[in-house]
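We call the chains A, B, C and D, going by the order they appear; numbering starts again at 1 in every chain.
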């Protein structure tokens, strides 16, 4: 039996019609859509042809369809980290950099998703060792001073060689997919999907010499908290823990951690231009 | 017979003693140093034990020793592009980012060079198609408006997708090894050796949106001259040709084009810190 | 009777000897030092010749001497906002950009302070209208998203013309004196003391077009909170209030708000070089 | 008799109709337009009512009308440097930052120009001492390495205090009006008209610490050529001389050097938004 997970963003009114449409087409195609407890309740769903409600997340589905923006897509990618399940996203968000099709192409998008008419792109991740527990960032890891504390004192090293140390608001480690987010806000470069490396940039560094550094994929990054207070760690924009004062955490690059569906012939560069416009124009 | 090419920078007074020392140690080690016509004349050399003068450059030597700075090291790497001959450089320049040992460690450097006591690092390059002729940049390709012309009008595309287009002084395409040069001057990121990708940045772009872009290693870059005048092309800092008005040139990333010798255990990050200081401090 | 206020930073051990020295010299010079309740208690002081303890702050003193760093100097300038009382600071902090003399020159500093052997420099300020109450920033006003909120949505207008609007961590408005602080961390320019204008920069703007703007001294700045949550406002690094969602606050430039003492012949540019090194080197 | 100078840009076909219209309206209003030899020949003009041909430039006209873009407007401002003659520009260029009205509003523009229905804005300038001859830049002074020379070695000092020194492509000194040009391309800040100060930025500095510096209006800037070759100096985009190796030139800020006409109620900030869009959006 063909099974597909569906995730939608937090405003069910916006996705309701598309979801109904998707259920209808899935039933017709002999596919069962699985929506978990939260989705079931959010959309007041009842089981029926092509629809399994209150369905626990499981890894052996053929696809994960997202109706949402980059936040929901990241959640889906996180959910299927380490599996081969592709995430096929219809953009219901503001930017939707990771989306497969735009909201205006819903009909075509549903058809393609159900027929498997798409290409796969494997995405790398940053793997963080936080208190002995591995956390995976598809986009970025952000280290941030706590509110009320005026400034963080942060250092980082690569292969045990300290490269940067400065008073700042924080530090961001981004994959190529995440480079157009918080990293860009710090003056970091745009990195095309397919670049083998990840980028480290400081948030508001009190220094004249701050510059983003693109790290080689095999190199271990250590981030050291020199502040008197713990620092907050966020993974893909969600709170993930703390670095206590005087302590360090390690991060490394990992290939092929998530999978997104793409339209045939789509490139990062077209996506960049469609979403951001030209780099200089 | 063991043979080693030697290249020195343009001020023979500065390298004379070290060269003499090198000849003596080479003779003792049963190695023949080969110096070409220019070097022979610059240093007024006479043939002798361990020394072949007016020696044409040939590819089947075991090593190329450089007494010089980054300019001379780049010339050596250019000379041995596409071979396995490593470049072992003793820094007689200002920065010497690509050098193996510093001037203060000449004795140890000569010993290591002759005994082969070093590690090899393969460097990638940018290969440029200029008038049907392939040119190879170990560091960078710089496209520049001609003097007197106030501004260039330049666009670039990746995989035929135009990504940037702007009036500017020019554009730089850099490898990781070249990222700490002209690219850095344009606000581009530092890229560690080992990153798979190359970086494109504009020189003085008349735009608010200019941002450096790190390109994936498999992607083809096209640079288009929209100006009414030809643009100058420089490869590793030396004039290499022109882009006529209305025409384009292509560039791509190539792995393992040059080889430099490194001390065991040396890393890009220590080199970065020794040469540039910390990124933010 | 000659009276001088004294303020010291939060580590009394570091300033104790210098304070004792200052009291002795003041007594000799017929000057009364006034230390408020907090200073009196921090240093366990007892009234004596040249020393009035638990002295309420008053405006008709001839000078305010600071033993501390930029934080304490800013506190002193805040205290004497709108008066003609100069702040004479001996640097006990890390940078001490606003300090008159360095810690190593304490003897000379005390002599100069007591003899009035210094020049006056009038500093401008940013005056903020916060809930109908005017607050004065000698260095900068920082607007910041609250912790836990991922991003702020902020716009600003000059003379009612909206100039910038972006999702970001926040926004900084700085005087020339404050330009080397948080503004610099946002990529803003260094502004010499004496420039008539103030600078607005975003903290980590999610935009390719972000650029610092130097505002003309007569122009009114309005900062608008487009977020769903209130934003924190800090004046010279200390919490000063909030901007509720959907509301705006106004800021304007005011001349000659604070006064610092300087050694004869000292310039901003030498100070810049001594404290920060060269801009590009 | 009312007299007005007219200047047009280098493509007479684009301005012919507007010029004819202007002549007709001037005749009707009893105003004589003066066009110099170059304009007369470019447009094949014949003397007639409201039109004096081959008219030498003179300072006692009431207005200078420009049909052109920023280049032509700068030429007009240069021509009337040190006089009170306002420049009223109808934008026939790409950006026209200094223009009074847009091309689409020609009729209204001509009426306003002839009726004197505009406000005056006085612009400051950078005055350069070049070989004992004062040159005046309304927008900017650009110092540039000569072509073929790879890099310039430049330093600058304020009030004899050296602040920056670096290998670079060059250096730009800009007024507020010029800050949106070459200065912006170097990462310098946008400066509103009305800011009292000018900005110095390096072109492609080989340094991690480069940062734009806004200089106080009373401070003297010295630019020192440390290269082995002379450096080119351009004033408002046009060649103006050289700095020989080892020598310096001085520059200073001067108020109220040129005058432009503006529509009532127009502000720099609206202009900025209309021409450049928002700073961050």
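As a convention for this text, a contact is a pair of C-beta atoms (placed from the backbone, for glycine too) under 8 Å apart; a residue touches a chain by one contact, two chains touch by 3 or more.
All of these numbers come straight from a predicted model, not from anything done at the bench.
Shared contact partners of subunit A and subunit B, listed by label: C, D. Of all chains, the one whose mean C-alpha position sits at the greatest distance from that of subunit B is C.
Subunit B and subunit D have Cα centroids separated by 41 Å.
With centres defined as mean CA coordinates, subunit C is found 48 Å away from subunit B.
Within subunit D, residues 168, 184, 187, 205, 207-209, 211, 277, 279 each touch two or more of the remaining chains. Across the interface of their complex, subunit B is touched by residues 208-209, 211 of subunit C. Those residues of subunit B lying in contact with subunit D across their complex are 146-148, 150, 168-169, 181-182, 184-187, 203-208, 232, 237, 239, 276-277, 279.
Subunit A contributes residues 157-159, 161-166, 168, 176, 179, 184, 187-197, 199, 202, 205, 207, 209-219, 267-270, 272-273, 277-281 to its touches with subunit B in the complex.
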